[in-house]
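Shared between the two complexes below is subunit A, which pairs with subunit B and subunit C, respectively.
So, the complex of A and B:
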């Protein structure tokens, strides 16, 4: 099977930060959420996948096209929405679309204007006069109008009101409906991941903590709450714990041995995974 | 057919879907040969991930309730709803057994338990 996105052992060194050995694949028709705290490397990874940063070592392929050797074909398959607007501020959405559409052989101007009106973007206003949310919507309209196979979005929901965030979810579902397109998006909001994401990659301090399907995550782990002594009984399964004056909470592997020890057992949330996988208090960690 | 997903349930989302589609089959809301919604369509409508709906369908396929046609989708199988119902009853019996154990531990008599069930039953009417 051909993957939409292949990230192979990618390393990127910046002055004060480095991405280390990032390695995952994304098949057609699925959505991957990239999560981690601020400064965990989400934007660096996205910029590297988009070719905005030169990677130090490793390979990135989009629909089988190598980002370095086959740059124009690889980038032709990419639609992006970035946190920092990459388009020209002194030009309107329409002019930006006219200028940048020449890079995409399948750009459809009709579709672009239809998306602008659907998203309430005034195509004639200069970008610098638009709110952050509207610039995101303009980028989205542009990305959706050139038949991209991979949508890469850096914090697409962060500048949006809750109503448009819901609409963004709908747009993401529609984008993968045909089964031949995929989405990689980063976020530190967990609601989006809870809903749309099929796969999750968690980054922490430039390292890939885990990449797995959300189903697998929810199946493989449990959050347990109980007294210190009771949690102690689960010790071999414990990945990390949080101690409060009234109870101890722990993320544990979902194993037979955690049952009937008198602890309250819950299915974890994405926020739980973010907490336990991105702190240094982790007691131990093994990949699933 | 209604499918209602609860985020506060202790059941995984795919299990909630599996259970509700089973109920729809038992209650004959869907019958043999009916096409199921596409996995991507259902994911969109329920606002959950594609992998979750896929997993639910695969689980139902494994249990012989759905069959898939490559390139087309999933369909309801011909089946004996009595067997499904029997399975459901044996599951309820298991739950009741657990509850009875708790009742005994709390020192309730058979009469107490019967009264309690009667009251609760009338409330749900």
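So, the complex of A and C:
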């Protein structure tokens, strides 16, 4: 099977931070969410996939094209939507599209104006006069107009109002409807993952904690609540726990051994996964 | 992308930049007009300084340079669009060539007009062009291209720091030189020496810039970090 995105043992060393052995694949027609706390390496990974950072070691392939050896083809398949606007702010959306469309073989200017109209982006207004949400929409319109196969989005919904966030999710769904496109997006808003992601990759301090489908994630783990003694009985399955004055809560592997121990068992939320997977002292939190 | 496609992309960019900075045309016309009028007035009444005319040449070149260097602006998008490292290098080098040609044409046009009005002053303009116009055009063509060089983050950005300081110092010296240009006209030997020195320096700078483009990596983040470090120090 040809993957849209293949990230193989990617390492990137920065001054005070490093991305270590990131390895995952994304099939066509799916959405993958990158989650992790601030500073976990989401943006570094996205910048590495976009080619803004040169990876220290490893490989990135986009639609089978190696980002190093076949950079222009690989980047030709990329559509990008970034939290920090990479386009020229002094120019209008239309002028930006004119300048940057010349690098893309399949850029369709009519399609771009249609998307601008659909997303309510005034193509003649300078980017610096547009709201953050509208700039995101412009970036989306640009990405959709050159028939990108992989959309890479860095926190596309951060700082946006809930109405636009919902609209963005719908646009993301629409974008992959044809089945030959995929989306990789980073976020720390867990509801986005709940709404649209098919796969989830959790990063913590530059390391890949887990990459799996959302269904498998929810199937494989449970949150259990009970007394300290009861939770202790589940110890081999415990990923992490937090202690409150009234009970102990733990994320455990969903195994038969957790049943009939007198604990309350719940299906975890994405926020639970982020909490238990993305903390330094995963074993125990004490709330006083 | 072929060189033809890259040239086309550059021309589109020039067109869009020019459309957005069209008011600069007025500045160019005003500089041209004032310089020519000043020259005619000087020829008629033989008062004032004829060297205001050459100063006008470089004011024009300056305005054109602002327009032209748009093309080689260091920006994030340039690293994301589908250009390979080699293509990006070619793109910037073609941009430099465009910038230089553009500025040279403007200077030649002004020199031509001056010679047509009065040969003697035309020659004065050519001399000033040799002293300052040519080196300035060369360095201005590469001004933004410097930002392309991506030094490794672990490297000390001293080179970039020194480059900024030299740029400022040379800018001040150039202004002083322009005001003292009358002195150079009275001492032709000094004039020739200054012309040779400045041209050699600017050529050296151009060669260094080309080598930087060819040899350095293009890690956007490294370029940006170095620029910021230097700017912070200078602030």
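In this section, the second predicted complex is superposed on the first by the 281 of 288 C-alpha atoms of A that agree within 3 Å, B and C clash if a C-alpha of one lies under 4 Å from a C-alpha of the other, contacts with A are read in each partner's own complex, and residues count from 1 in each chain.
The rule is short, and it goes like this: a residue touches a chain if its C-beta (ideal position, glycine included) is under 8 Å from a C-beta of that chain, and two chains touch if they have at least 3 such contacts.
Model, not experiment: these values are computed from the prediction.
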Practice task
Overlay done on subunit A, so just call it for subunit B and subunit C: clash or fit.
Solution key: fit
Exercise for the section: Count the residues of subunit A touched by subunit B and by subunit C, then name the partner with the higher count. Expected result: C
Exercise for the section: Considering only the touch criterion stated at the top, classify A:176 as touching first (subunit B), second (subunit C), both, or neither. Expected result: first
Exercise for the section: Could you look at A:196 and tell me whether it touches subunit B, subunit C, both or neither (first, second, both, neither)? Expected result: first
Exercise for the section: With the two complexes superposed on chain A, say which partner A:114 touches: subunit B (first), subunit C (second), both, or neither. Expected result: neither
Practice task
May I ask you to decide whether A:230 touches subunit B, subunit C, both, or neither, giving the answer as first, second, both or neither?
Solution key: neither
Exercise for the section: Return first, second, both or neither, reflecting whether A:25 touches subunit B, subunit C, both chains, or no partner chain. Expected result: neither
Practice task
Mind working out whether A:14 is in touch with subunit B, subunit C, both or neither, as first, second, both or neither?
Solution key: second
Practice task
With the two complexes superposed on chain A, say which partner A:72 touches: subunit B (first), subunit C (second), both, or neither.
Solution key: second
Handout entry: Closest approach of subunit C to subunit B (Cα atoms, Å)
Key = 29
Completion exercise
The intersection of the subunit A residues contacting subunit B with those contacting subunit C is none
Handout entry: subunit B-touching residues of subunit A, taken from the complex the two chains share
Key = 29-31, 169-170, 173-174, 176-177, 179, 194-199, 213-215, 218-219, 266-267
Problem - For the subunit B and subunit A complex, residues of the former touching the latter - result: 7, 10, 12, 14, 40-41, 43-44, 47-52, 55
Completion exercise
Listed in rising order, subunit C residues that touch subunit A in their complex are 1, 5, 8-9, 12-13, 16, 19-20, 75-77, 79-85, 87, 153-154, 217-221
Practice task
Please name which positions on subunit A make contact with subunit C in the complex.
Solution key: 14-15, 47, 50-54, 70-76, 78, 80, 84, 86-88, 90-91, 95, 98-100, 102-104
